[in-house]
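Take a look at these structures.
Two complexes are shown next, each including chain A; its partner changes from chain B in the first to chain C in the second.
For the complex of A and B:
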């Protein structure tokens, strides 16, 4: 074979069949390498997505034959389903809170990046929340928020800030902020580490030069730190968006979407519609909307990052 | 070297053997039994299975237990896969939803053929799982709501006994309210609060279950009064926001006058409330004797490969098994003979539990909130959040009930 290849390359042998062309065989080799991954991607991503799209256009339940529904589920969702709008709003609030968490993490990262005594210990303490299982985080915070025995109510009452305990997770007003606080607490450590890595990769001579030029600290932060932290902050933002869409476990453990639907997210509503009410078809339509939203946000994030996130760098 | 013919033959025989294996497995007659969060009763259930299989050579029973929130997910995925458990235990109206989907076997012909089996059970509880005239489940263990009350708080408020009407209930709640103490709490899931409306003559749906009938002046007035009592603290807010742990925990803390809950709440309250004793905890029916059932039933999956064996197992568990279950867990099973014997023993050994369980067998003709709907969870989801808005003062009663009516009507039409 090697001899034949050399002969073809040297132009001694004519290129007859398509299979004998080097380009075709190279292509086949690439396909062979990609095939296992592509098969898995197709079976576990493309096929379910397509099936889900089809399901959203049908009336379907496990033991009954499917019937064509057209856009009925979408009409129901957009025109009549208040819970959908509530869940969508809550999901968007979850997303909108990401910058707040990133800003907090940036503040902490700046603190522990300095010459603070015991910075390594503080770093570890802040990061400790991230490797914890989300279910454990949910259970811990649920107890902390407890109206009767929770440490937060105890502290607030002991300090005289409140007279009566606040039912944080049972209150329509407090439930969502309470869950968001727990979410921020968990992800803060991760953001901090990412930002800290970014901070430590900024060459110190840039600050030295700026200092010599007489630039104040805030100008150094605005002109050097923030621009050079852009990749780290972008990564945090993407992770934040994804976390907002997948915060199922935390909400499920802490409030199960309640009280009412005060903490309902799209993801919890999809689960409840499918498995709680056997509306798999409707849940599929909700999933399509969530997917489209995620797609739009990813596109937006990509645009903000310069429009070439994930592209190959060609030399 | 193996010839192509030999290789093909070997391959074909291997395929034939693997295909025959399930057939052999089926011949051994195996059924599976899915229970709802009673893993603590493992010894008892394994004992049932051993006794059941002993008289039936070649029979095997596989037992699975799942927690409450996991059961619907597990069962529905098994339905889709075509391998649902043969015998399934469900709570509340879930059995009716499965029946409506066509997942459960209609037990009516078997109950007609074996009248002795049907007459074992309290007829009102047995009819809880009747959907469109057919019965799909047998009672496994039964519960309905009742009124627990804190006797010292009642006495301190100058009340001589539990309330006998809705007006008295709100009045008593108000009298017992002071500082952090509130007068009344109710569980709210699975329509457990519905007796509050039923005792005032409010019906959720028309008799044929085709349209809502709750949007009336009376319902508005009741909702308004409940909301005002909640705002005033006479009704604890957890009534409309909590589920199981929070309301029962609040009552167990000892500063709530009355708890409207189903009988299993007693064991939670007793576990957490040091104050609970026959001298301090009172038990009564809700005014008018109205109560919402929330019982556990046993049914057979329509896809069962051994429905006769599953039926035998069902009869065994709800009879021989029921005796042991009633004693172990201090509950009533709906099996008249078993409950009579167990209650008689409890009357001497544990008078408080006896008084609680006795209520479960009284006024069974006044069970409400158990509409035979095939889409109960959807109706609940359409109705409850709106009512909750009104009860918590987020919407006025008129607007909330109108919105609830619109949503329930739509859900009924979509069914």
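For the complex of A and C:
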């Protein structure tokens, strides 16, 4: 290889053949370099998506040959499956709470932005929970909510707010809010970092100009900060939507969808139908519904962000 | 006025940080607690803190085995990510026919969360005969689109004149990548190492689906298993949680900057 290149550089070969061969060789290189990644994405993204769609239209189980089912699974899901509706509602609640978490993160980001002493330490502490293993986070929060050993019940009882301990994760009305609180605890730092990155990319002279023109702080926030943060807030919103998928680990560990189906998410229901009851075909139909939901909500968030989500790709 | 404002800001932030750290404190306190952890009222400070729980975890459950599995899978994932993402990132800096189609494919794959593919992904892995294997555990994570773009950006930032100079000096394409481009892209490599490690270390759903034998299980599965089988009154479960969290906290504190750079370029969980 090296020898051939030297020869090329020295111009030892006739020009036309050289050009031709270098081009094909470059193309070969590109193909070989892309091949591993493309294979992985084909095997674990594209093919599953297509297969999933097909599977949702069939009667299929590992031991039986496939039969065409048409929209039977969807009909069963939408008309007769109460658990599906419960899981869908819970998933939507999960997503609907994320703007609150994002607003909270925006507040923290504004507090640690600028030249505050120790800002880096505050930032690290708030962010610390995000990269942690969600299974361990679930174990920790189960213990925080525990009836006897948990500090939350202890604090509430000591302060006299409640007389009897609340079994947070075993109660129908408290289980979902409790899981969501743990989820927010974990993801808050991520939102904060994204918003901070956005804040730091706002040119300071805009604020200077606004101050000279006599604009009050809140007007500067509404007219400069928020509009320029739109791409960051969009990314946060997309992550909030995706979290309804990725929170499988947390729900599985903290409540496993219980009590009853009070904390069932679509993703936990998909797992239970597919791998608990080996109804792969039905689980595939559930997956299609959740994926469509994800696409629709992402599209909606993009519209709300002003339709320029492509701005995220500027990096 | 301004001074009072600063104090107020600090006190609000200290309050928030205390709330964020409380769960860590509570689990750490429980992990070193000696007596019955279900006693009421719980003590706020550990009495006679000791490390027996950690020893218990090491010896009475196959912790070393889980740890080894986790480390092997993480090593595979990190190595695969560096190699494949750097290769793909380099290819994307070249111009070639159908480049737009490949870029479009990558960007649309980013929209498909892994969790939305679990059923066919399981069936495909079983067709490949990779259930219960390290390769099967690592395979879906071996390349990451976000990190491909991180590498692409890093390679594009290398001045073209430098590459031309290397070419005139007679370096082959491979040598240019290994001797010129990669050494100048250390930040991209670090970002990719950190993200790939954290992703594979924390992965739960995929190992849960494709490993049936306890000997192939990774740490998160071991923890979940411990939770469901051994609900006892000692702090061993929480010692386990602490031991599992420690490596990722360590990696995060060592490489916070790289991690955050990765997230800011659009990388999310899984």
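Just so it is clear, the second predicted complex is superposed on the first by the 258 of 315 C-alpha atoms of A that agree within 3 Å, B and C clash if a C-alpha of one lies under 4 Å from a C-alpha of the other, contacts with A are read in each partner's own complex, and residues count from 1 in each chain.
We take it that contacts are C-beta pairs under 8 Å (C-beta built on N, C-alpha and C of every residue); 3 or more make two chains touch, one makes a residue touch a chain.
Computed from a prediction, not measured in an experiment: that's the story for all the values here.
J.: Based on the superposed arrangement, let me know which partner A:211 touches: chain B (first), chain C (second), both, or neither?
T.: Touch partners of A:211: none, neither chain B nor chain C.
J.: Quick one: is A:43 in contact with chain B, with chain C, with both, or with neither? Answer first, second, both or neither.
T.: Only chain C is touched by A:43; chain B is not.
J.: Should A:24 be classified as contacting the first partner (chain B), the second (chain C), both, or neither?
T.: neither
J.: Between chain B and chain C, which one contacts more residues of chain A in the superposed model?
T.: It is C that touches the greater number of chain A residues.
J.: For A:277, is the partner it touches chain B (first), chain C (second), both, or none of the two (neither)?
T.: In the superposition, A:277 touches chain B alone.
J.: Thinking of the overlay built on chain A, is A:259 touched by chain B (first), by chain C (second), by both, or by neither?
T.: The first partner, chain B, only.
J.: Give one of first, second, both or neither to describe whether A:116 is in contact with chain B, with chain C, with both, or with none.
T.: Once the two structures are laid over each other on A, A:116 reaches chain C alone.
J.: Where on chain A do the contacts from chain B and from chain C line up?
T.: 148, 275
J.: Help me check something: in the complex, which residues belonging to chain A touch chain B?
T.: 61-64, 76, 80, 83, 147-148, 164, 167, 170-172, 256, 258-261, 275-279
J.: Quick one: which bits of chain C touch chain A in the complex? Just the residue numbers, please.
T.: Counting only chain C, the residues touching chain A are 6, 9-10, 12-13, 16-17, 20-24, 26-27, 30, 37-42, 83-85, 87-88, 90-92, 94, 96-97, 102, 105-106, 109, 111-124, 139-140, 142-143, 145, 148, 153, 167-168, 170-175, 198, 201-202, 204-205, 208-209, 219-220, 223-224, 227, 237-238, 240-241, 244-245, 248-249, 251-253, 256, 259-260, 263-266, 268-270.
J.: Which chain A residues qualify as touching chain C in the complex?
T.: Interface residues on chain A, with respect to chain C: 1-2, 5-6, 9, 26-27, 29-30, 32-34, 36-38, 40-41, 43-49, 51-52, 55, 108, 111-112, 116, 118, 122, 124-129, 131-137, 139-144, 146, 148-151, 154, 158, 185, 188-190, 193-194, 197, 235, 238-239, 242-243, 245-246, 248-249, 252-253, 267, 270-271, 274-275, 280, 283-284, 287, 290-291, 294-295, 298, 312, 315.
J.: Can you name the residues of chain B that touch chain A in the complex?
T.: The contact residues of chain B facing chain A are 72-73, 76, 79-80, 97, 101-103, 180, 237-238, 240-243, 246, 249-250, 253, 302, 375, 377-378, 381, 385, 388-389, 392, 394, 407, 410, 414.
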